[in-house]
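Order of writing sets the labels: A, B, C and D. Residues in every chain begin at 1.
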Amino acid sequence: MAREVTYTVRVEFGDCDPARIVWFPNFFRWIDAASRHFFIECGVPPWHETEKTLGVIGTPLVDTHAKFVKTASYGDTLAIHTSVAEWRGKSFVQRYRVSRGADAIMECDEVRIFAGHREDGAPGIRALPIPPAIRALCE
Amino acid sequence: MAREVTYTVRVEFGDCDPARIVWFPNFFRWIDAASRHFFIECGVPPWHETEKTLGVIGTPLVDTHAKFVKTASYGDTLAIHTSVAEWRGKSFVQRYRVSRGADAIMECDEVRIFAGHREDGAPGIRALPIPPAIRALCE
Amino acid sequence: MAREVTYTVRVEFGDCDPARIVWFPNFFRWIDAASRHFFIECGVPPWHETEKTLGVIGTPLVDTHAKFVKTASYGDTLAIHTSVAEWRGKSFVQRYRVSRGADAIMECDEVRIFAGHREDGAPGIRALPIPPAIRALCE
Amino acid sequence: MAREVTYTVRVEFGDCDPARIVWFPNFFRWIDAASRHFFIECGVPPWHETEKTLGVIGTPLVDTHAKFVKTASYGDTLAIHTSVAEWRGKSFVQRYRVSRGADAIMECDEVRIFAGHREDGAPGIRALPIPPAIRALCE
């Protein structure tokens, strides 16, 4: 079974919109933090270190699919349960379940890559093969 | 053919992350603005007015699916082409194509609802049937 | 001596800009959360409750003055030490010292008001006299 | 008289908080964009170019002082009038007046530096003397 890491978020007043519920782009802000924390908790060094050792500058998104189940508001504490649902050749599926106590709030499946600088030095990024050292830490 | 409205975004320094590319939650910030501008351009009044006339307080997300094709960075100008791809009973699919000149940057399909306050006065929201007056303006 | 409450922040990748340091508007995001947490920790109810009991809908800023001493980056944990430095008739000075371990990162003095809806029902807000019940909880 | 450049902002739904007014950290987001646009309009190249030619990686804040005069909400269009009020040896004062038509909304004076990487290669930044080539473009 895939390793799962939990990241906790306090919803703040400024995270909410005039409808008094979380403005949805903030969920992606938290999910991005949960993604990075997953790797940190698994023992992967921060990206500014992996840039030097593995050429990995981060894990940008290729595709994301999210379902919003219930609303949240300020004062809520959310738990983001994160795992890697699938490892592919040059990408992986990172899965998030966001809950408030027993309530499911949001679910998200992302396809991400391990990105490096382009080999020709031009601006932009390219997908690297999954670094085995990172995968071994995360399973 | 569905009506299409274009919303223009300037990418700023602070929209970019240490990898020097747009931090992806900002795309959802812009897409949410493009969603609202679509309705404004179609002649739908702002939500604080429709709250009084139609009980509509906004169009929260139920589901979103986005593909990231190319990266963008500060100095770029992005065009977000927005349309309603499908009208359903109590929801609709809003479609976004984000481009920089001829380059496709990102695509997104959202399921949104027209939300109203709950009838029992409790916190939270509920999905309203598509208001015909709004649909007529948007087709 | 004024009561002090500490709010803790994890700096995330997406909080940082292409210079790899915290993009400064994020400090104000955290300070605003620290402001609210100060009142919560002191026992003041959330604003949606005080709106009903005291007419207070929040504590918007009138004036803010911040000094940035050292930079911070992702992976850092910041402590925000918050107090009310001065109570005035219709405003108060809220003071923040942001630190990373022994390092001072940022200092900020804000003038805030307790805001209520306008009496004539028009849009916009007005400053209320400091509610004695709130002040008593915070000293 | 100092050169003034105007940057225009559309206030969006998601920029507003449950009190239905602009959540104040967003003003600093816009002001930071206005700061960069000031230099761009004056003919200064983007920071990723000045990093190579002048060692300047950006203009981080040292000190900011803002007054909030009137509230703004979504649907508003704001004009940010930007100038350099004072040039110092290793810093400068950038001044912003934010207005909505004839209404003053917010004023801000910032002390910023031209930042470069540290000479010893360590993380962090240092203040550079004002580059005369940049100052000449901005006066």
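A few remarks follow.
Note that in this section a residue touches a chain if its C-beta (ideal position, glycine included) is under 8 Å from a C-beta of that chain, and two chains touch if they have at least 3 such contacts.
Protein identities per chain, from UniProt: A, B, C, D = Acyl-CoA thioesterase.
Here the structure is a predicted model, which is why all the values come from computation and not from measurement.
The minimum number of touch steps linking chain B (Acyl-CoA thioesterase) to chain D (Acyl-CoA thioesterase) comes to 1. Chain C (Acyl-CoA thioesterase) and chain D (Acyl-CoA thioesterase) have Cα centroids lying 23 Å from one another.
In this assembly, the C-alpha centroid of chain B (Acyl-CoA thioesterase) lies 31 Å from the C-alpha centroid of chain C (Acyl-CoA thioesterase).
Distance between chain A (Acyl-CoA thioesterase) and chain C (Acyl-CoA thioesterase), defined via averaged C-alpha coordinates, is recorded as 28 Å.
Multi-chain contact residues of chain B (Acyl-CoA thioesterase) (touching two or more other chains) are listed as 13-14, 17-18, 20, 23, 25, 29, 32, 47-48, 58, 74.
If you draw each protein chain as a dot and join the dots that touch, every dot ends up joined to every other dot. Every residue of chain D (Acyl-CoA thioesterase) that touches chain C (Acyl-CoA thioesterase) in the complex is listed here, in rising order: 17-21, 23-26, 28-29, 32, 47-48, 57-58, 60-68, 70-71, 73, 115, 123-125. Residue ranges of chain D (Acyl-CoA thioesterase) in contact with chain B (Acyl-CoA thioesterase), taken from their complex: 10, 12-14, 20, 29, 32-33, 36, 46-48, 58, 74-75. Residues 13-14, 16-18, 20, 23, 25, 74 of chain C (Acyl-CoA thioesterase) are the ones touching chain B (Acyl-CoA thioesterase) in the complex.
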